[in-house]
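Below, chain A partners chain B and then partners chain C, in two separate complexes.
== the complex of A and B ==
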């Protein structure tokens, strides 16, 4: 930049973000994945869980085989004659929904707890942070596993387990930022205006604490998706009526020794592409937003 | 140092007590064990008698004290499924899990630190960017899927490595270990690499970013200006200073890997406690679940104390007594 031009922070963010080609590619990939997940049921050749649309005659076909009515099973079929592409699209939908819902809930709950804790301070802050420490002392996988061991399987329970295993992270981060922000002059001004406490916290303090959260929250969605897939793979996550990618892979696991590799390979590849694109986007965002990486 | 240890032990005991209560409340109080223990044909009187015999008519805190008393005597109940003391079942399998966890960490450290240094020293080169990008890929790889693909490639297609079990073990001090025999190593290789991929990615990224942030600092310029050899600058001045966050993360990762061992053990049929816990969850074998959780908590607490001690060795500024 030879001429210093006036840029909004958002525009500057975009122009720096696109400097790296892999990051742009990852972003496009992510858009594609999300579109597939949301529009999926309108695009696939069949609803893989509608028994009227699948036939046992077409079971266990290799990728690229042709179906009876002339379509192509690009990724093959499973033992019940389900088109794997359709199954993956439906599974992706469930995985992404669970990931986003639990990711957002964890951020909202963690942020609220952290910011209130920091603003109120004193004994309540101390108590809340003890609880946060207790949660952070254990790996999220273990917390989620314990929750599901107690609660049983089910989509709502998986979301609850994921939220419980993640919220403390956000509470800790937000509290740290909020404590630093609390002492700044605009907060004194807000207090001086005798604004109600809730308004000070949520309208003045909160927006200034969000920046460090963006990257962590984005990565958290990816982590939630992986965590859900792992738990479902182990048979303690989603029930078979909600076949996420993790369950598809678990299904394919049974056929791995019989040579039907595609049943576990492609669902896993889709999972990898989803998670990797989110992580790559988040990683570039961190580089752009981190002032320490500036040359 | 002694003061530090005493304080940390006190803290650990508090955490352990809190956790034992949480575990107790979570596993024992939710749901009604009576339904699974007494036949549905039992009369109302028989039911009440059984409830008072088991102490289930007592308030929760009283039940908890009974539970604590039993725990302090090392009694965590008998497994419903295996009909053996739960704590024994867990402790028998603990060494296998620890071996796997340590092997995964060692793999991650040995491969991760050199790669991270390489990436951090050559950020703009193809190698550096390649390493960093692939570390994000490792980061995103679903552990269980990679495990399956490794079996597919190395066991089924190439036939190089066995898919399940620990292989031949050697007994040292009454504990079986796989890493001392060739056969055991062949069995250990895939699960350890599988479990180590995630910490590997983390260590690469931390080492690389630590290197990047340290190089512009004054003492690095001084070291260069003094005309020290490049090797000495990297290994003494650079590495020693970036080790602190890496050790922290390795310490924290130990418990994460220990938890994720559940997944790897399920795939490779590694006879550790992770596999046992999944079976126990599916069969609602409560005493085993409780024993697993308490043993895991104890291992975490020990590891955390060890990490703090390691800190003070690496960073003389950290004084343990003052904490």
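== the complex of A and C ==
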């Protein structure tokens, strides 16, 4: 006879998560992608962003070709002679960094604004929400595009543009959840204890709004990566000498009818794997964390 | 974004579906360039090319850049300052009004007075002192100085109808309302960013063009243009990408029309500023004493560039490396200037000699939608400069932004490509791009590097006034020698080819000035 073990919420989450095999696979894939992005740059045969290390003499070589100094370009080279494996690994790092940093910043800003707005209520809530409406009124892509057209190129500017185009989403979501939570008994208790406002908001209200936020935030990282890729594809965003995945795809696009498929195919595949794995993981997290979706 | 994605994805789908071929009496051209309908607004060669369809000029240039009669039938050089023209009689504008000397005078006066013009055609008229009608079909032009190249200059001035255009604006041209010329085609419709349609002028005084209707489809993306050609959507692709040449030639039913053009690409170097805007030390801080002012540094940069590698690996062999600003075979190409061969070792030692053994920071600027592979060339140059220790960055931008900034001297090292066919010599580039800036005398309007040398200026001015072509070439050769060999005032890259993709069934022979002309297209059956 076995005694049912007492599960912590985290353990319960894990045991439910692993029930779905695809979700486990997606998680492993995501770990692999992250490891590639953050450890890969130390292992690649060249730094594709160092102009002195690449040469147009080796541009457009097919996968498996040999370089002048005897290395093998496993996925070929791009139109500037960058080793595509190195370029993808570095591009992946930029894409994921931009995605995570802008995603986290957007969540932090959006959550703070949303939760304060919900707690304070009244005229300030109204004012904040109209600003949020203003931002939500425009497609996030348009906001990012305008930002970059004004700011110019650079990773920091892309992050800023992505944050500006996405924080309002989070403010809206968190406010919705927080307004429901505000009326619950534990909040009355907290207020009854005459705790300081900031403590009530961030120690009592916030933790109870987190579950839906974690899911949306994870998905948002994938969305940020896609958005950054789209912006780079259109030629705004990151500098052309430091291509992210989107820019690699755009550079290869010109050759799409010339048979040099590898120029955009492999960067595209990498982007697909990254975004798909994040989305699958986030999907499963939603299923597990949402009590209503339980069978 | 959705529009952009659609414009990029649709052509590919069309290839897969196999769209129907265009009708025989219609010529459809895929072009990257939005036109200016006003022939006196925004002087870039693509607009000059569009203009030739609708508007006549006193004189025009043929496909080999030779001057030929258009609205003037004969002309005479009376003295060094005075020229007389006899105009063609019986020519009517597209609105039915009659062409005469008043229209010419009106057009020449309008050229420098188009409001908010980012690039004026006035460089083609500012040597003129007076232009007067001595009869309805006779005209006298007096120049401020002796000006032997007048005939070539006025081949860059379109003639509009005085009656129709009087008081009209550039916007009225764009709407088609006053787009009235004497050319072989008439304005039919224009949707900016999408299409420009022309119909044949049945009353044209000269030889009728072969096609009744010409449709320019404006497609900025090279892959989309290629796809449209393969899909049978267009007959001709302008600005065909060199990387696709092999693919097209391997396809049944298409061919590539190409020709070495008169356009040479070079890099301006900021020679003027002590603190050059995009020069930094190794830590990224601005430098008070720009290394670019040292001729040894400029020479090092020039010999660090492997022009043959750019020609082979970036231009797909469809370009010729350059050692000066005019392609070989052209008048005023100086045969005594040494060819520039890559020498990394010597470049490094020159840098060390100048005191920059560890290099410095520099940004290369270039347009990304103007010349064949402009953005890729800029990156290749950056690679090569990086190899001698200059820490290089690349910034590219659309031509609409780029050329304004270039002309305000906002860059340190910047790309330009100059078409030499208007003057048929180095004179136009030397006087506009390297003569000391003197706006009131019409010099140095494009001097984006701030180059200035009194001997050079004197040689250019002497060439400009010289009627004897042998002597004129001597002056021009001397000016080129001073600029390139002595002062290293510019870094030549290569002369590009004009490349078009054409469907079998259409015959097209490219012009040397890269201007597309529907008048040169013919059905080949």
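Keep in mind that, in the parts below, the second predicted complex is superposed on the first by the 275 of 295 C-alpha atoms of A that agree within 3 Å, B and C clash if a C-alpha of one lies under 4 Å from a C-alpha of the other, contacts with A are read in each partner's own complex, and residues count from 1 in each chain.
Quick note on the criterion: contacts are C-beta pairs under 8 Å (C-beta built on N, C-alpha and C of every residue); 3 or more make two chains touch, one makes a residue touch a chain.
Values in this document were obtained by computation on a predicted structure and should not be read as measured data.
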Practice problem: In the overlay, answer first, second, both or neither for which of chain B and chain C A:271 touches. | Solution: first
Quiz item: Does the superposition put A:240 against chain B (first), chain C (second), both, or neither?
Solution: second
Practice problem: Pick one for A:254: touches chain B only (first), chain C only (second), both, or neither. | Solution: second
Quiz prompt | First, second, both or neither for A:198, with chain B first and chain C second | solution = neither
Quiz prompt | First, second, both or neither for A:141, with chain B first and chain C second | solution = both
Quiz item: Which partner does A:230 reach: the first (chain B), the second (chain C), both, or neither?
Solution: both
Practice problem: Decide which partner touches more residues of chain A, taking chain B and chain C as the two options. | Solution: B
Quiz item: Which residues would you name on chain A as touching chain B in one complex and chain C in the other?
Solution: 139, 141, 145, 230, 234-235, 253, 256-257, 259
Quiz item: Which of the residues in chain A come into contact with chain B in the complex?
Solution: 22, 134, 137-139, 141-142, 145-146, 148-150, 222, 226, 229-230, 233-236, 246, 249, 252-253, 256-257, 259, 261, 264-265, 268, 271-272, 275-276, 278-280, 283, 292-293
Practice problem: Could you pull out which chain A residues touch chain C in their complex? | Solution: 50-52, 54-57, 59-60, 79-81, 139, 141, 145, 153, 230, 234-235, 239-241, 253-259
Quiz prompt | Residues of chain C touching chain A in the complex | solution = 1, 4, 8, 12, 15, 222-223, 226-227, 230, 241, 243-244, 246-247, 309-310, 313-314, 368, 375-376, 379-380, 382-383, 385-387, 392-396
Quiz item: In the complex of these two chains, what residues of chain B are touching chain A?
Solution: 15, 18-19, 23, 26-27, 30-31, 133, 136-137, 139-145, 148-149, 151-152, 156, 212-213, 255-256, 258-260, 262-263, 266-267, 277-278, 281-282, 289, 293, 296-297, 300, 304
